[in-house]
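Next, two complexes with chain A in common: one pairs it with chain B, the other with chain C.
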Partner chain A sequence: MKLRNLTALAATTALCAPMAFAADMADEMTIVSWGGAYSNSQIKAYSEPYAEKTGVTIINDESSAEAVAKLRAMNEAGNVTWDVVDVVAADAMRLCDEGLAMEIDPDEHLAPAPDGTSAEDDFGDLLVSDCFIPQIVYSTTFGYRTDLVGDTPPSKICDVFDLEAYPGKRALEKRPINNMEWALLCDGVAKEDVYDVLETEEGQEQALAKLDTIKDSVIWWSAGADTPQLLADGEVVMGSTYNGRLFSVIEEQDQPVAMLWDAQVFDLDGWIIPAGLSDERKARALDYIYFATDTQRLADQAKYISYGPARASSAPLVGQHAELGIDMAPHMPTDPENSKNTFLYNYEFWADYRDDIDAKFQAWLAK
Partner chain B sequence: MALTPVQHQTPAFTAAVAAGAGALFGLFVGTAQGSGILGLIVGAIVLGAMGFVLTGMISQAKPIRWAILGIFAVLGFLVGGMPAMVLGALFGWFTGWFIFWIATSSYRKRLPPYLTPGQVLWHFSFRVICGAIFVFLITPILVVMPLSFNAENFFTFTPEMLRFDPAGYSLKHYRDFLSNDGWQQALWNSLRIAPMATILSVGFGTLAAIGLSQPHVPFRRAIMAILISPMIVPLIISAAGMYFFYSRIGLQGTYMGVVLAHAALGIPFVIITVTATLVGFDHSLTRAAANMGAGPVTTFFRVQMPLILPGVISGGLFAFITSFDEVVVVLFVGSAGQKTLPWQMFIGLREQISPTILAVATILVGISICLLTTVELLRRRSERLRGMSPS
Partner chain C sequence: MSDTTQSGPVLSADGTPLKRSLARALRMQKVRALMLIAPLLIFILLTFILPIADMLFRSVENRIVADTLSETVVTLEEWDAMSGDAPGEAVYESLYYDLFVAAEAKEHTKLGTRLNYEQTGISSLFRSSGRKMDDFGEDHVEAIEDASDGALKDAALWYEIMTGGSSDAGNTELLKAQRSKMAQLTGEGFGGDIGFVPGADISETFPRLARAYTDFALFVAVMDGDVVAEEDPWESVFVAFAQEVQAPGGAEKIAGYTGPGAAELQAAAAALADLEPISFKQTFVDIDEDWEDVGNWRTIQTYSPKYTSGYFLNSIDMQKGVDGAEARPENQQIYITLFKRTMFMSLVITGSCILLGYPVAWILANLPTRTANLLMILVLLPFWTSLLVRTSAWKVMLQQQGVINDVLVWLGLVADDARLVMINNQFGTIVAMTHILLPFMILPMYSVMQTINPTYLRAAKSLGATNWTAFWRVYFPQSVPGIGAGSILVFILSIGYYITPEIVGGTKGVFISNRIAYHISSSLNWGLAAALGTILLAVVLLLYWAYDKIVGIDNVKLG
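Here is the complex of A and B:
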């Protein structure tokens, strides 16, 4: 009798233990990202293995482009429906400042590297905000049509401004960020002085004057898919866009396009968790983040898209493309061969000057 | 059959008219190639000269027309290969026909003799304007259809497509639509939301229209204006308002929330079409039914409903299309679980310009054509039943 009771008790405990654990976390979560090939890479590398491991139902939203506005609206309406949101670093900083994203302590909430290095050291300088867990390093750089540039393909950023050697249209993003830096660089400003010059009224005039020299040959883009489409059409000779898009145009779609890595601008993309989630959903979101940003998972993502993992410890694990079987390392923006001359998006500078320079840029565009 | 006896025109007149047509063609071709003005001038000169010369050779019209067709086809082939040759031949055929049509005054033959030259000019200008409106409305829709059979993943007419090489075409974007989870979920959501929203709009809209057509209802106009307002207020404002309201009462991000929002958008269409059919409804019929002992419900279903059915159905179809095509409200009121087809297309256009969107667009255009044809047939039937001749 006593023995039977004991067995029953043990059996109930054994049954209840995992259930109690699961009850602490929500069993459904909404993950927000950018859509397209990028979302696919995350689903393959993070969400599918995570769902398999935990049995949680994952709903994928593709609203990252409106993330800041939507999170503000959700906060005002008191109804936050997103659990984990993929945003660029600049948006994460804004959300963090406004109190719309949760602060995360890397050492407490993130996995250490396999060799025991703490998460904080593993991510290093890329932890640019208290709320932001970096995931990938991407770059904004140029692609050109190999069949439209003659015998000497462009190799320097200033070739973009050289209408004589490379006549034809070029695609540039419809915002001052990156374009102003490139213009100054090609107007004789030394790389280390670019932001000192851009701070001044004259410096901004100088950059716009340089852009003026090619203004008639520019097609302005606003969505990441525009430049690949324009390149495939042969509508432009060269154009800036995210390096992963160009990888897809070149390797997956087989278009006559090649990369111009000179003066590429690095930027970060990563996760935030919205502030104000219930305890269960917060626990689920943190658990997902812990899983999705460990060393192996970040390296896995590079099998599907050519963005560099944000952890130092992931870089050596980057392997081959899942379908094409080509080595991904030479296609990473962070590869030594590609990153001889790079910028890192200057978050502080653009936080301070963005509104001002934006207004001038838009006025210049309308002229 | 000639209504009016005609004479051949002077070379100057033919040249002037042909130059005008040439300028119009030249403007389009020139703009597409980079210089509208240049195209306009070249087009006017070429056709003007042809008009001047050919007016004297009307007796050999037939061989000359073939020659023009051939010359333009060859020119086209030299400029741009196969596709340009087809366009050149078409252009040559039209030019030859047009010049002799003017030169022999054939255009005047079928018109009554009493028209002044101004009236003749207007007669043809009117047709050209109507044709141009059709072209500008429909070409953008037609252009996407061949692109949806593109073998590449871009919105581009590839050289293979222009050569009519079968290798340039494929059904892979249709396959992608039918096999991709994201698209299938979106299609399924649209098919779940639109009929439900339609049923609600038709139910409420029909009742409202019948109620508002009773003369004794107070504040009829004010109520009507409020019910119609979702059609007039900018959609983005309704959407933002619904978002905050539905968030507070827990409907935001739910299936029911999207259905209710779409029903609100569909109701005005039902009210308007049903009100219009009720105008022709004879109310003595309901009184006659009541006189014979039928209650209001029986009267409605046995007498009134069958007569206003065409209005109800066409209103319902508009409500269905509204819900099926709607993107703004669902972006606010829905969450990722209620992602509809237009939502998926919107995201797809922004993030990844994939021809799958064109494949879906082509399918949706097909569905819309079917639905509108049904509406038109119903309208004709209703007019026939009421003794009017379909116009």
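Here is the complex of A and C:
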């Protein structure tokens, strides 16, 4: 990848050498993301056009999974080598709390929508942290094997907890987030009360008790690639994972798998800029962010992966998959057909309760 | 008879005492030897000893509370955690000034994250309160700003008031104290001239105001790189002024004040006369009623000291309670279970490595060299393959729709609807890890067995021993050093294993290292991770010591 960007750099510098880059911006930057198909979509939609436009050398790093810990270590060592980092919103909040990410004013640093709407209004509620620029909306949702679920495929989240109608193993993530909400929802708690209940000891017990009913039939995953593999091998009849992963199992690999969108949990992924960069690197990072999060770029990313753009103004521009040529809109988690019943990851709640509930959850798992 | 009998020391050729010149030569030799090993020594020091020392230190270090809430922890000492009442106004007042500066420096959320490990909810309490620091004395700030036609909005006037004019001696003590406070808070150096020294008079008359302004001055000069006299003071300066003027005796103080800006300050004090004194406690409770929660204060008080045993208590399923250590609620106990499980499974893995490795090593040692080399490659081949690939391969083999189950079903040994569960449990972890660690057992065994002279066996047999007796009484004792070396290697490696249990361990097959990894990379509770790691290290050293006592470490041979 680096090589290709270097060629791009060589090409552009040859073409427009005098105005290659603004004097006060670094001419090399390191972008950190998740790797795999996701990084690819970003490279195609953002990094390659950006390198072409500016002649910057872009180094791609695939460390987002450990981004928070690594940034903290870099910060302690006083040597931050990353310029732009792709993280989920919850991690962005942590980084912001720890002072490891710089605060970004959307209206000052981000492009307005084509119709003139300010960036802040265009992103709207998705600006969940002062340091975070949302990029995509993804969801954690269920996929099931169409050939293993009988004549009536699951249509409700609670079918996951129904071992009689749908016998067989399920894949769930090895952490309390999302699982606790689904358990409560299927134990008769109204959607709007879920977090009020989950705040209490009894509510946490209740959720674990509900999960207990299927505990013996669960395979717990910790990497996003696990569920697609388990589904493809027929190890599980249904399992939760990120919707983009299911899209590739269904559309790209043609497995007998279908989506169960009910009670999908929206989450956000986006950029942060590490705190403490030199002025030149900061200017370069901000310039990249300005470019990569404008309306057209965000819509472009959806050509390569089935995650919804975070800007309201990008949604109408979502087109077809670059290679498969299918319409991407119906595969977006935000599509009206798919988002009849949804959750939004409760950042505030989990920032507080994550450690506490995780301890209980892990103790329950080990029992 | 004044013979030149040598009563003095023996001299060498150049006249220096022989003892000294000998010592010098020896010292030279030692220095040379030291220089030869210096690269290794420095390498080990930097990459091994220092990180371990740092880890040990992190497991008890807890400066963040006292550094961030430097004043609050002092005032909070008086508070009786058992009383069941929230602390008094003085504590909330200190908290306001601490939190104000911390919020400006964006350190309060770090502290929130730290304390949230001990008490759920503190994280958002600090984060949301940090945003609402302007709620304190809103009316008072406005009144001061509006007094004498907005004269006190002027940054330069405030600067003059606070320095006390050119004739003032200046209170360098106060500056020094606040300097070190700010340095502790932010971790930055606060040395150098900031272009501001608090006036001696004003800091005696209005100590709170002087402290608040000095903090502000230090912060804008050092952190923002601005000129103090040109920056508008923080709200906390106004609040401090309002608080001191409205405190008992404040009216006399302001009336007797004659320094710079006296007229403006007196006008401001007059404007404040109609307002109720600021209640810090009430405002905090209005921002979030959790500030009244005794549990939160108890946590802050418990974790005030710069060093804490809290992390270690957490790692053995205990916690710091009101009166000392207490067990955690049962539904949160996990670490002891994991430590035990890690020990038990590491022993089982070591045992199965011995059982599987011994015959292989024996065959390798007793075959002709050519065949032995070929077999050796077979042993080493998996060793050269990526760990992840081997672990994933076991997934393919062991899963319910996997190779082994398919074969068993095809053979009719297992019904299709009752396929064996061999992965995502302890069994899967033991199988995969035994396979991965087997070469570490075979190699030392093999090299020890190679040195065992085959004539001993023949001699034993010729003296009438059966095959078994010859093996058990003659061969086996000589191979024990190899078993010992292999066992230590395998056991210590498996205790710290993390990737394989994570992938194939499910819920019952994960090790303590998986929790350590979680705390390092996800929860960011590095203190707890360090404590868990320290305990693990201590256990390993303890076992090593026990091994030395029982078997003797001289009995371990790698070849």
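In this section, the second predicted complex is superposed on the first by the 346 of 367 C-alpha atoms of A that agree within 3 Å, B and C clash if a C-alpha of one lies under 4 Å from a C-alpha of the other, contacts with A are read in each partner's own complex, and residues count from 1 in each chain.
Keep this in mind: contacts are C-beta pairs under 8 Å (C-beta built on N, C-alpha and C of every residue); 3 or more make two chains touch, one makes a residue touch a chain.
Since the model is a prediction, treat every value here as computed from it, not as a measurement.
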Partner chain(s) touched by A:Pro112 [first = chain B, second = chain C, both, neither]: neither
Touched partner set for A:Trp220, first chain B, second chain C, both or neither: second
Contacts of A:Pro256 with chain B and chain C, given as first, second, both or neither: neither
Partner chain(s) touched by A:Asp233 [first = chain B, second = chain C, both, neither]: both
Contacts of A:Gly35 with chain B and chain C, given as first, second, both or neither: first
Which superposed partner A:Pro49 touches (first chain B, second chain C, both, neither): neither
First, second, both or neither for A:Pro153, with chain B first and chain C second: neither
Partner chain(s) touched by A:Lys360 [first = chain B, second = chain C, both, neither]: second
Contact residues of chain A, present in both the chain B and the chain C interface: 65, 233
List of chain C residues in touch with chain A within their complex: 106-107, 109-110, 112-113, 116-117, 120-124, 127, 331-334, 337-338, 341, 399-402, 424, 502, 506-508, 510, 515, 520-526
Residue numbers on chain A that touch chain B, as the complex places them: 30, 32, 34-38, 59-63, 65, 73-74, 76-79, 81, 223-226, 228-229, 232-233, 253
Residues of chain A defined as touching chain C within the complex: 65-66, 68-69, 72, 94, 96-99, 169, 174, 205, 219-220, 222, 233-235, 348, 351-356, 358-360, 362-366
Chain A contact footprint on chain B (complex, rising order): 152-156, 243-244, 247-248, 252-253, 335-337, 347-353
